[in-house]
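After this come two complexes, each holding chain A, first together with chain B and then together with chain C.
This part shows the complex of A and B:
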């Protein structure tokens, strides 16, 4: 019996150590990678400038669409802006800018000062719409194809590596 | 006239019960949702921008008639199971749910066995 108790204790100990080992080696940084491959349903954004609603139909004809969540008050958005300007020159890609919890006047000034990379300009004043896209802070970007399947998701400001990743996807056609 | 007064009292009482239930449900949901931008806080405990937005979304979903489970499904679909404090039961985490019971049963067997063994010796 003692042997049985010893072996059970040993198994439990190994199990607990195993759980600790796996947990401590696992990255605890939250990410939304699981969204890649999912289809975006019911895309619906209010236009920032006009009385218009953007829906899936508006993006159907694009090979790829990059949905970028930004705001004039967001410092990292300024950092990624030159990357967005570079991406706006790509033919296979259209960019939808979703102005997040911002004032229209400030948003338009931001674009006037730094340039406007967006083909579509939308707003999410309350931030509620962005929850449908798994957004929890800005800037965040989602690259979708013409079937609205998420190809890439970027949390934080886009950098040169992200730029190359996006080019790789959009030029793979 | 009396009947109308009774009906009014019944209506007010019933609607207050309904609204009380809704408040309880909403709070319970908030407590089970992790604030992703905070340090170990639920959205009930947080005043962060993200928590405020999620509270509004939860309120909207409740108003749309969604159940607690449907709200959790919706949010875990968008943010993953990490957003839930109480993890869902699935293949990936079934051990998490059953391990305490396995240990409890195994411990019980060991105790019974030891007691029997001791009583035999006596």
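This part shows the complex of A and C:
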């Protein structure tokens, strides 16, 4: 009897600790790489500044579109901002900025202070729309071509290596 | 002594760095700003991961120092072992700080300005919330060590109970206050008008509280009747293990909340290894030393009622633990994200609270060893009285659900029984009566508050007025003000209760903080002894209208007062214990 209790207690505890260990690694291992190569069937975002809805029609004529999810309250977004500004000078690429769970005045102030790299400005006030694009936290960016096929996906702030990767894709035409 | 001093020097150096805004330290740079008020510069010291760990170690050290000097009349062997284990814990946390949470890491080049403390954390209640809760959490370490020492040195009698009793009471009192301050903060800062959300992080602070409460009661049995020794030991170990587990869950980033400071997995791994070692060593000693007790406990005695209290506490503990861990488990094992919310806790815990309150009223009147029930008549009168009061409330105001009726009747039963105890007994245990009475009041006020709250939600623009039910609202003015670290739009809103003709002006705020730039909504709360008016205002994009959320929360202040009284009960018990020994 005592032996059974001992072993049950031990098994339960080790199980709990094991699950903690798994989830500890899991939360850092989150990735949506399997989305690369998939087609975005439907694009729909409300404009941040105007009464307008962006749909896939708006991006058809672009060779490549980078969808960037950002917010004024997000510190890493400030870090990647210079990269976005650099990217905005590329001919083959248009950038759609999706303002995520933010307040409009904060968002516009952010762009006024740091510069506006976006060709299109959209919003996702509740953060629910972004889930459809596999967005987990921000900043995240998705690079699509003119057939809406996901070419690349970036989790976390864009860095110089990501910048080179993007250039490689968009200049391969 | 030396250890205590050096750790304190360490801590005050960090406080000083925050005070003079020394941004060459990463911690200071990330969490402070030169324009911040002094009070928040100081509280910024523990408002971050590194500083809070330092605070954790300080409390560990102070407690072990006090334990050393205050328990001179216990065997040297037992005290020595307690200190060894306590110092192993201190060492573990010191290594943690040194290896990957060093508060004194430098940043190069030295930034001119800091990033600022998150504005919702710039709040007096929140500034004292971590130290209070930490004294509760970390205070439990000393009886963890003592329990281990007691098993190793076979110091297993009443004297062991006496040596840890004060420490249990201290940590319980501070834990209660810490939870209270956190709830008060959530109530006026988060802007939902609620004060308890069964959020995993709140649960993490509640779990050790249940274990401590059970421990206080089982210690009584050990002290008076010299039984339940191993059960008491298990509770001692469990309390600190739950505290560390709570810290692990909250800090590792497995749970996302305002308390998650950093998502650095190496920190999580460290605490997890520490936790596993703690659990496995304590289990090892427990299994090795465990001897089945052969005490026969009479089913009608005080011992039984204390055990019943413990069962209930374990039931709450397991319920809350399951609710907290279940989403983590499903996420880890099946990758499906679910959340366990208030409906689960409310439906599992509330019905059980009713029985608990009845037993809590009857328990203290029983005798040790063997009891004779002679006062059935009395109990019957009190139940009848509670039912009458309950239906008077229903008759005068409004009716509520069946379960709410039971909750209110049972809490009244506890209140009346506790009061009649004061009148009856000669040798009054004030601390017990105060705690039980205020717990009864706490449940009563939560019940009434829940059933009699009102909420109105509408839009208003400047100068406009609106009449809803028996309230009339006028948005009289919008004031723009500039404070040292934020700008704010203050709405001047007049609330007129047409049935009582009571006229009040409330001033909800929309704040725009400078560093980091963020927008927050500040509720305006007007409190009196009968009710709170709770009002928040938020701007609506592209419109002159403001969204107004108005809530009337009856007897709100009494909920806080009950919890304060509850912790006073703990404090009185501490004094009583100090006097007796």
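Keep this in mind: the second predicted complex is superposed on the first by the 145 of 173 C-alpha atoms of A that agree within 3 Å, B and C clash if a C-alpha of one lies under 4 Å from a C-alpha of the other, contacts with A are read in each partner's own complex, and residues count from 1 in each chain.
Definition applied: contacts are C-beta pairs under 8 Å (C-beta built on N, C-alpha and C of every residue); 3 or more make two chains touch, one makes a residue touch a chain.
Quantities reported herein were computed from a predicted structural model and do not represent experimental measurements.
Once chain A of one complex is fitted onto chain A of the other, the partner contacts of A:36 are absent, as it touches neither chain B nor chain C. By the document's definition of touching, of the two partners only chain B reaches A:127; chain C does not.
Here chain B and chain C are compared by how many residues of chain A each touches, and C touches more.
Touch criterion not met for A:53: it reaches neither chain B nor chain C. When the two structures are aligned on the shared chain, A:72 is found in touch with chain C, with no touch to chain B. When the shared chain is aligned, chain C comes close enough to touch A:6, but chain B does not. In the superposition on the C-alpha atoms of chain A, no part of chain A is touched by chain B in one complex and by chain C in the other. Those residues of chain A lying in contact with chain B across their complex are 1, 5, 8, 12, 30, 32, 34-35, 101, 126-128, 130-134, 136-137. Those residues of chain A whose C-beta lies close enough to touch chain C in the complex are 2, 6, 9-10, 13, 16-17, 19-28, 72-73, 75, 103-106, 109-110.
Across the complex, chain C meets chain A through its residues 115, 248, 252-254, 263, 265, 268-269, 272, 275-276, 279-280, 283, 287, 290, 325, 328-329, 331-333, 516-519, 541. Chain contact summary for the complex, chain B toward chain A: residues 36-37, 49-50, 53-54, 56-57, 60, 75, 78-80, 82, 103, 106, 110, 113-114, 117.
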